[in-house]
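The same subunit A turns up in both complexes below, where it pairs with subunit B and then with subunit C.
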Partner chain A sequence: MTEFIKSEIRPVFKATTFQHTSKSNNKKRAWKSLKQIISTERSLQWPENYVHYSSINAPPSFKPAEKFSDLSGLPAPYTDPQTRLRFANKEEYGTLIGLPMDITAGYLALRGASSIVG
Partner chain B sequence: MSLSKGDEIPEKRLKIERTYSNRSRSDKTRSRRPTTEELSPSTSKTNKEKYAGPPILILDNGAYTAKIGVSSDESAKIIPNCIMKVKSERKRFFIGNQIEECRDLSGLYYLLPCEKGFTVKWTVQKPVWDYMFNNVSHIEDKGVIMTQPIFNFKTIQEITDEIFFEEYEIKSMLRVNPCDLAKYEYVNRVAGKNVPCIVVDSGFSYTTVVPYIDGKKYYPATRRINVGGKMLTNYLKEIISYRQLHVMDETYVINQVKEDSCYVSSNFKEDMRIAGLHGDANSIVKSYVLPDFNNIRRGYVQESKGAADHIAEGCQILRLNNERFTVPELLFHPSDIGIESVGIAECIVKCIHACPEKERPHLAKHIVLMGGNCNFPGFKERVYFDLRSYLPDHWSVNVHKPENPITFAWQGGKSLSADPKLKSLFVTKEQYEERGTAFTYERFSDWLHAEKTCNEENPSPTIETVPSSILNKSNLTRFDLFGKHEVESEELSESLNANSTDKLSKETTSDSKTDGADNSKDNDSSESSIVGRDIDVHQDDDSNKAKFKSSLFLETNENDSFDTHCFSSYDFNIFSNSFV
Partner chain C sequence: MEVLQFQDPKPVPDLIHCHGVDQHNAAIIIDNGSYQCRVGWLNQKEPLLTFRNVIAKPRKERSKKDIPESSVMPQLQVGNDITNIEAVRFQLKTQFDKNVVTHFEAQEHLFDYTFTHLGIDTEKCVTHPVVITEPFLNPNSSRQLMSELLFECYGVPSVAYGIDGVYSYHFAQPKSEDNGLIISLGYHTIHVIPVLNNKTSFVNTRRINTGGSHIISFLHRILQLKYPAHANAITLSRAEELLHTICAVAVDYKEELNRWTAPDYYEQNIKRIQLPYSTVTVTTLTVEQQKERKRELAKRLAEINARKREERLAEDEEKLNNLIAIQEMLEIDEDSDEIDQLLVDNQIRNVEDLHKNITALNVKIEKTKEKIATASNEDIVVDDIPIKQSKPNKMVFENEKAMHIYIQNAKKMRQEILNKKTARKQRRQDMAKRRTAAGQERMRIISQLARKEKGNDDFGLRDEDWDIYKTISREGGDSDSDTENEKLLELEELIRTHEPSEIDDTLKPGESHQLHIGIERYRAPELIFKPYMMGSPEAGLIEVIGYVLSLFSPEEQLLLAGNVVLTGGLANLPGLKERIETDLVSIRPFRSYSKVSVIASPSLAAWYGTRKWARSSEFKRSLVTRAQYNEYGSEYFKVHIASNMYVPTPKGHAMDVCD
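Let's turn to the complex of A and B:
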């Protein structure tokens, strides 16, 4: 009698073999790049003066950047107007004028000065 | 039927009793604990012996190395938080410290789980965690103290919750910022009392400067400089590649070069002058013997130039001149490579000036340095000298560098694990299952409750700006440990409402806010140009293959044939040989 009722009551929509899928390992996770995450965060409506990720970036320095030679790293009083590379002495200038375009561009990129306006 | 009921009921009753008895026990232990919460080293030891909860695993999940250990361990184990591939064994992935088994480390590829310090590549992070929890420190039935960066994003926290609570099935968890742990360690072990302090965490991805006032993080003055050890290594690698020897695919070796030979200059101009001299007068230039992974496993600085070094014969030697100090100098002058940002010392000064005026001299007395970059010789002295020259004469300046700056946060976690208050900070598995990720997010994100405050032009104390609806609640309790507010759910919703009305009223007059957004956009573009720079250089290399005898780019196609069984959903674009 009890067995009969039990089998009647047992909900049919529950599968006995059911396993929670979230516990298996091969679940695919949303893989957002950090850029996406930051841009979604930025698009949120923040209260005024609220401190969040992008607002704690350190401010720019008021001091002008010092100039160093691209070839040797020594202090560079001179700049070649054609390539915009900096150099410390005439020997460096000698090597500098012989450099191909792509190398000079690489040197500028290394210094973070590759943009045309900069 | 009755039989089955009878079976169930006692079980339920048992469960209730068990949980009840648990709770009462914990209540008892809490009340039995001494009310004096000032933790001197000796009392915390006794507390640790008394601690009755589950054993605690402390994981300082850094972007380059993870510091892991159980609270009973003497010190943390430092495990590389990455998966590596080498040229010599193409079929194998080296996870964490498995790399010690590898002999030939030339051309090491890194798969890093973090981008700018935030874990985003879960297909990398999960195997590393699996490896660590299986082989280094077991996680089963433990409470976990884990570190996360400031402003860790909601999506990232959700996935972390899911992995730890559902896949590792841990008992309870606490996520804190490593600076919090460092501050805890400093206040309890070094200073001995609850002093205001500034924690400078100069790590792999970035450097943060965090002031603590009244034991709480002061968010309006918190600053982050996007320069870390990763950038220094990449920069050294690039300038060596341009000036001497093509080492673009030897990040691992160059990282060692950086660690062995670089130092922070205390007198930059003078050092620069010496570096410009020729011959023996130049005391800065050093020869570095690169490893060949045959006789020499790790490179080293050649001490005396004259003495014949038999091992080094036939080895490649780098000549390091001003590179030795110009590379770490980026931490102090990021503008040298076009990053428009203040350096560490200036940033600390700006941070101090953004704090309430009466706290400023006290903050200057307690500056704590942590993170791997502090291991550069001369780093502490340089920070001190620079601060001394920036700050007023009558303030005393004190810079503290712990014995081991890398594991300092872990040590803080270790002392925290003995703290009787710890239990109230944890989120348990039951709580997580009951209330979900929103609850844990709210609990572990103390910036959500941070006081909304002033900008730099108006650095007055800011109590007034906190909505009175929050402050006037009498039953609102604050943890003086981390400054987290325990807010009941009703209050929370109320305060949220208050915030949203605030927001609505201020939306019309939010000119300054849009300014801020513009600023941040600028910053972002500069960041992307940094990332892009790497790529630019690669392309240049590609066109100059003959010049640099580059072999890297011939091999990029072979990457596609790697055994991919363990990363089925793998995107091979993230294979990179530098720290990107």
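Let's turn to the complex of A and C:
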């Protein structure tokens, strides 16, 4: 498909024979994702002083995460045991119990708390 | 209260610029960001092109798979060609994976777009040096492929690489200091880069993998969840617009939240934003108008009938005249061939038949005439009928109070029915899903019913046994019955007649299509400081700044904290500088000096900086020429003040880019 489009509007300034080296062997092969690139990079024997992409990731947070209401964003002292949503006051609880499952699941997923283990 | 409107800005397709004589061999400056790409000439002060680094690749339709590809194939859309980004949202592709370019076929399309719009028309080469920005610690393989693309495909004479944030620090400020802490806020990542004696400290730099795109999608999602009915109208581009227009960073987030709990503050500071809506005109017809319409229809029908009758009358009269003429001819002269012929034409067998026909026709005409007469009288009657069925009469009450009580009662009953309906609806929804309590209870009962117990199965002996089927039916035993619906209508009618404002006009047009955005304005940008709000385990910006500072000696810390510079598009957020200032004070030793500044025009600073660098003497020395590319390999580049460090990929374990 891309070949087709290219052949139609190939700009004049481009070399006619260029092929991406990583594509030339096998057309079907997708590009390496950043994850793959990083893992290849990490596996190599680098000189002592070298810093690579994955070594500058931010450290994990050492502060306890504050709890905020999923619905309003207000500080949330309570958690609903059924839906596991956090809420700030009884009005919010009133709306919370009326929420359909997909919405509650959406809130949990947004907070990254949708896994069964966590 | 002011209601804001979505602007839904549409990108304007870029012009294809002319390739002027003054650009002769001038360098092309490309700030290749994961959000936008800015491109311009060395000898022009402003970037010529600014576009989203995206392409929309139309997919081949499955049904048309067998048909050979023809010219109807939709074109690839690039950057600003995409006028409606929401329409092609699912076909969007970018060359970026996070902040690193990985997909070089997409990059090729974007370079095609770039160079075409710059007006380059030289045969099989781009005769300009290219300066292009790259991410902090760009993996060698990515740079290698970039060089390969630029040299082999576009035939550029020379290339230089640098880091966007570092370029803006050193070259986009009127006077850059030797020491500083760069906070580069990007679309996918935030970098905290310490610079000491004009040297970038790579080891102590940290990257937070949260950026503008996360804020946008977070805002998008919380609004969708808050307004599920408008989930489709709340698009990512609109969330982006909100981030650009009304979002801000709270200087003290806790306190900001506290303020919002007060209803007055909420009312005063809430932003109302109108989603597009179309008024439904059909339902606005009043009862009167509907009746009027009905009357008109009846009238028209009557007219049509009358016309038909008249036509029939005229026809019959003509026929009668004919027959009478034949009769007269018969009286004059019997048995002529002419008369026989006439009789055959009128389908009459004999003279008796003729007489019979004449009398029949006479009766028919008489009847039609009668009908016409009655119909014209009816016209008046038709007008009267609908009036009879107008509104139910207003009930007469002894006093105001009695009426009030009566209406309250009616309202209560109405509410009860509505409650029942919603409860039923909720139940139905719960039943349909598996993991709800109601659904599980249902499954339990079903499995109990299915259990075979030989001998002592007495199910059905009592009539109540059968009720169990009611509880497990999805409808929950009782559905919205017609009588209930009728009752509801009746009650609503009643309330309407006595208190017309109660049900009608509760909403102004479009009010249900308004988004109320309060805390969300601060909640979404707060992600920069609290990535855990979207489940990321990484530390927030202030914590990372503190961590990076802790890697230096106290003297160095003082130098860095004394010159914190914010750059990148997110630095435009109101309040960000103040927030970092106050938080920085809280993590620094008592009374130690710290200063935070935002670079001028943070989104374009990287481009300006890159351009300024390219005008310096260092630029010429930092270019990798085609010859050097051929000699040192594709990952070779020259180190300069704003570049990454060059460490060739270890030999022996040479990275194989093919797999």
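Just so it is clear, the second predicted complex is superposed on the first by the 81 of 118 C-alpha atoms of A that agree within 3 Å, B and C clash if a C-alpha of one lies under 4 Å from a C-alpha of the other, contacts with A are read in each partner's own complex, and residues count from 1 in each chain.
Here is the rule we use: a residue touches a chain if its C-beta (ideal position, glycine included) is under 8 Å from a C-beta of that chain, and two chains touch if they have at least 3 such contacts.
Note that the structure is a prediction, hence the values are computed from the model and not measured.
With both structures placed on the common chain, the touch criterion links A:48 to subunit B but leaves subunit C unconnected. Using the contact criterion defined above for the overlaid structures, shared-chain residue A:81 touches neither subunit B nor subunit C, since it reaches no partner. In the superposition on chain A, A:103 makes contact with both subunit B and subunit C. When both complexes are overlaid on chain A, the residue A:58 reaches subunit B and subunit C alike. In the superposition on chain A, subunit A positions 2, 5, 22-23, 25, 31-35, 37-38, 41, 45-47, 49-53, 56-61, 63, 65-66, 68, 71-75, 100, 103, 106-107, 110-113 are in contact with subunit B in one complex as well as with subunit C in the other. Listed in rising order, the residues of subunit A touching subunit C in the complex are 1-2, 4-5, 11-16, 18, 20-23, 25, 31-35, 37-38, 40-41, 43-47, 49-53, 56-63, 65-66, 68, 71-75, 98, 100-101, 103, 106-107, 110-113.
Taken together, the subunit B residues at the contact with subunit A in this complex read 1-4, 115-116, 118, 120-123, 150-151, 153, 155-156, 159, 162, 166-167, 208-209, 219-220, 222-226, 235, 238-239, 242-243, 272, 275-276, 321-323, 326, 333-343, 346-347, 350, 447, 450, 452-455, 465, 499, 502-503, 506-507, 510, 512-513, 516-517, 519-520, 523-524, 528-530, 533, 536-537, 540-541, 543-544, 547, 568-569.
Within the complex, the subunit A residues that touch subunit B are 2, 5-6, 22-23, 25-26, 28-35, 37-38, 41-42, 45-61, 63-66, 68, 71-75, 88, 100, 102-103, 105-107, 109-115, 118. Only residues 60, 69, 73, 75-76, 97-98, 100, 102-105, 108, 112, 115-116, 120-126, 136-142, 145, 148-149, 152-155, 202-203, 205-209, 218, 221-222, 224-226, 228, 254, 257, 260-261, 426, 429, 433, 435-436, 519-520, 523, 530-540, 543-544, 547, 645, 647, 649-650, 652-653, 655, 657-659 of subunit C touch subunit A when the two sit together in their complex.
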